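You will see two complexes here that share chain A, one where it goes with chain B and one where it goes with chain C.
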Partner chain A sequence: MSDRWTISLGRIAIVLALFALWETLSRFGVVNSRLLPSASDTFGTLADLLQRSSVRSDLAVTATEVLTAFALAVPFGGLIGFLIAENRYFADVVKPLLFFAFSIPKSIFLPMFILVFGVGFSQKVGFGFFSTIFIVIMSTATAVESVRVEYLTVARSYGATRAQTAWRVYLPSMLPVLLEALRISMIFNLTGVILAEMYASRDGIGHQIASWGENFQMKQLLAGVVMVAAIAIAFNEIIRWVETRCSHWRT
Partner chain B sequence: MKASTLRWLIVSILIALWEILPRAGLIPELFLPPLSVTLIAGFADAGEYGQALLVTLYEVGLSMLFACGGGILLGAVIGSLPRPRVLIMPMVSSLYAVPLVILYPVFTVWLGIGPESKIAFASIYGFLPTMLATAAGIQTIDPQLLLAARSMGATLSQRLVRVILPAAIPTVLSGLRVGGALVIVGVVVSEMLISSAGIGYLISRYRTILDSPHVFAGVLLVLAMAVAFNAAIRWIERKCAIWQTGTRGAQAAADDISGAIQPAT
Partner chain C sequence: MQPLANVTPLRPAQRAGAIEIRDVGQVFRTAGAEVVALSQVSLEIKPGRFVVLVGPSGCGKSTLLMMLAGLREPTSGSILINGTPITKPDPDRVGVVFQEASLFPWLTAEENVEFPLALRGIAKAERRAKAEEALKLVGLEGFGKRHPHELSGGMKQRVSIARGLVQDPPVLLMDEPFAALDEQTRMTMGDELLRIWAATGKTIVFVTHSLTEAVYLADEVVVMSARPGRIVDHLQVSLPRPRTYEMLSGDVFGSLRDRIWRHIRKSA
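After this line comes the complex of A and B, so read on.
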């Protein structure tokens, strides 16, 4: 227990030291404070930005896009992933193709989404879906494959129904891997949507950050970066926390 | 039908559809120009694309040097020291959740819209995953090898050169693959966002004037680059296969890592 305390104290110390370094570099003029406003100024701006209704509505727009893309990509990708894991022939046909699609950079297809959907909500959701779906497929397939055959045999020989097998065997053994999959898909999804917003958009937090950058508004830009980073890290940590809660189920 | 035959059939049907559907007018040519039109557009402006490719390759090369060099070095150091590893690795992997694209505007303000900002951004973009993969892979080195070396009185430098480095080759290669793919993405994305040269810039410029054959020619060029990079890494992997310590566990672990941490977008 004391070990864990030292570790978290050490981490907090590292983070604080980084912020202190940022603050001193800018305060004492080591770097131009117009290029790197100090940490305290940035956090002040951040608090100010969060009060503004325009920034709030940008955040809401981005959140809607991210959640819609996620809600579309997860069931669809999950279904294909399940098919790959359960059907050998289908897997043999599709898997190399998916590996290929997985390894190529998705972002170069962004102009295509603009040509097809125009600039708007569906373009971002489409691109978010496109950049998430492959990772969902791959990780669902891994999750289903992580179910042990012995458990299935035991369940079947004791006469478990399909629903019972799904609920009592598949779900508990897949849950930790699935949560991990959700976490990673969310990272991809968020990156996809924000990139799409930065590339061509009228609203959304990514668009705001890009335009602050173009107008050399360093305080707002850095505050935006800190804000998005904090949201992403917070989401990641929550899922990780649930993951460790569920890990006693891990087979 | 054999699975691979069906797969090739699917691929050739897709390519044929790319030609047929736009020609038949089922998909507007603005959305998807026929393959032949795309290729002709690409070859007609081969000089322009070649110059853009040179710019992009220069940026990719330099960033790869920074990202993979730094990532592999730091990953190896942190991965082999237990205390910093426990302290820092979880922090680095939480940092991995941040969509790094948002840093690009910061780099353009600091470094301008020339190649410097792209190199800085792509280096950071590729750095974290390379470091994570290397640090995770270093731990898969069979501790018995180290124990044997130590009990026969190998010095630290001997252990590093004779044991750790050869055993780490597969890990380093998978780090290189992940990092390299990300560096290509990073450079092209940053060129697409704000830039004045490179393939990403060409794609964006032709997109704004709705010249889709030229857009798709650029996309194909980037795809070719990514595929060529993958093939090159494969080739090196095969060449180095004799160096692998032969534990299937290590190879599987290396595969796991490169599977878990993959090119974002």
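After this line comes the complex of A and C, so read on.
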């Protein structure tokens, strides 16, 4: 297993080197430290910010919005995706249209969301939902289609009911693809909510990052970036870990 | 049926099924066109026989097997197993072994074998006991906790056979079960199947492309031809049992295989 070790080691080395580069560039004045505060300063500010109740409540606001949008988009999009994939005719009709919708950058609709919902919770959740739903629909449809006909035939030949087939064959068979879909959906969802916060909002971590930027508070701005990046990476890695545990299901 | 001399049955040979196929036809309708997959197929299979269906691609042998499994209804005619028509899947009467990769990769070997029992809500302990017995029968004792990706191609098909036998059905249907295996494994699996058959006394209907496999395994070989699918010959294989590798080069074996080949060449 020395191979895996060297790979991890190399990876850690790259990350450390990047942080070291960041630190040196700033510390020795290669880049103006007002433009690029050093890594150590940034992490110090991050620790400081996390103590503040206003930052914590901003994080809580964003987390609530993200989770609400996700909790609405995943089952709703999943159901639509399942129904589309189950009906051949419907799939043929609707699929290209979904691709059209998916290819449009969602951000151009943001002003409309503000006009319809006003500035607030529902605007941000609504936009997060809108940013996520298409990818959920498309990946669920792909997941349903990934179920091998052989598995369905086996289930039928042993007398499985529709519910048994759904629960014992469709669901476990789709799970690896679904997890990947969930992971990618979350990236879209987070992007949507934070974008909405940065564009027009009174609270949330995206709003904070935007206003730190406007006020030229580089330390806080970078600390905010690190914060959001860490949360996003953590969620991604958790799902990826579950994915690898069932990767052999794909065969 | 003559049991093999060197085999001690794990269970007394019993519960073999009689199959009657009467004037069965199957017509597929695709985009306005009608394709006659099977036409006027009649066949009688006595309990405990090992019957192999061979024929060129498109001769309807797999379709016939799917109808025996109740997965497809005949357009005309009827199929009776132990005197009762089969119109939908009936795991009490028929077990099916599919081509490679029909095991569920998310379940362990024993969970795969238990699957048909789980569908009927049989309690966990009873399920596990029956699965263990079936795995032992196919020579996979101690492999129950493995997932399919941890098993070789031959072992996977043993699990499939165990799954087909776990409910002790009188008839076992096998759709090209060894097609994806290498030649060596295929021969071994053939011998294993004959051992399992001798130990359980099931009626087996086996579909294959391999003429050698057909003659080696069968009591009777049913030869089919395409467009429309129908039976063109029905041979009794008089070779004694146990079958041995040496028989493959014998005159009886050769002439039987030649006879089948001539039918197939004609219709292909």
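Assume the second predicted complex is superposed on the first by the 250 of 251 C-alpha atoms of A that agree within 3 Å, B and C clash if a C-alpha of one lies under 4 Å from a C-alpha of the other, contacts with A are read in each partner's own complex, and residues count from 1 in each chain.
We adopt the following convention: contacts are C-beta pairs under 8 Å (C-beta built on N, C-alpha and C of every residue); 3 or more make two chains touch, one makes a residue touch a chain.
Keep in mind it's a predicted model, so treat the numbers as computed, not measured.
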Inquiry  = Using the superposition on chain A, tell me whether chain B and chain C clash or fit.
reply    = fit
Inquiry  = In the superposed model, which partner reaches more residues of chain A, chain B or chain C?
reply    = B
Inquiry  = Quick check on the superposed pair: does A:L175 touch chain B, chain C, both, or neither? Answer first, second, both or neither.
reply    = second
Key: chain B versus chain C as contact partner of A:L72, first or second or both or neither   = neither
Task = Go through the superposed model and pick first if A:A160 touches only chain B, second if only chain C, both, or neither.
result = second
Query = Touch check for A:L83: first (chain B), second (chain C), both, or neither?
reply = neither
Per-pair minimum CA distance [chain C against chain B, superposed on A] in Å = 14
Request  = Overlap the chain B and chain C contact sets on chain A and report the shared residues.
outcome  = none
Task = Mind listing the chain A positions that touch chain C in their complex?
result = 148, 150-151, 153-161, 164, 168-169, 172-173, 175, 246, 248-251
Query = In the complex formed with chain A, which residues of chain B make contact?
reply = 3-4, 6-7, 10-11, 30-32, 86-88, 90-91, 94-106, 108-110, 181, 184-185, 188-189, 192-194, 200, 203-204, 207, 210, 212, 215-216, 218-219, 222-223, 226-227, 230, 259-260, 262-265
Inquiry  = Per the contact definition, I'd like the list of chain A residues that touch chain B in the complex.
reply    = 7, 10-11, 14-15, 35, 89, 92-94, 96-97, 102-112, 114-116, 131, 135, 138, 142, 183-184, 187-188, 190-192, 194-195, 198-199, 206, 209-210, 212-214, 216, 218, 221-222, 224-225, 228-229, 232-233, 235-237, 240
Request  = Enumerate the contact residues on chain C facing chain A in the complex.
outcome  = 69-71, 89-91, 94, 96, 98-99, 101-102, 104-107, 115-116, 118-120, 147-149
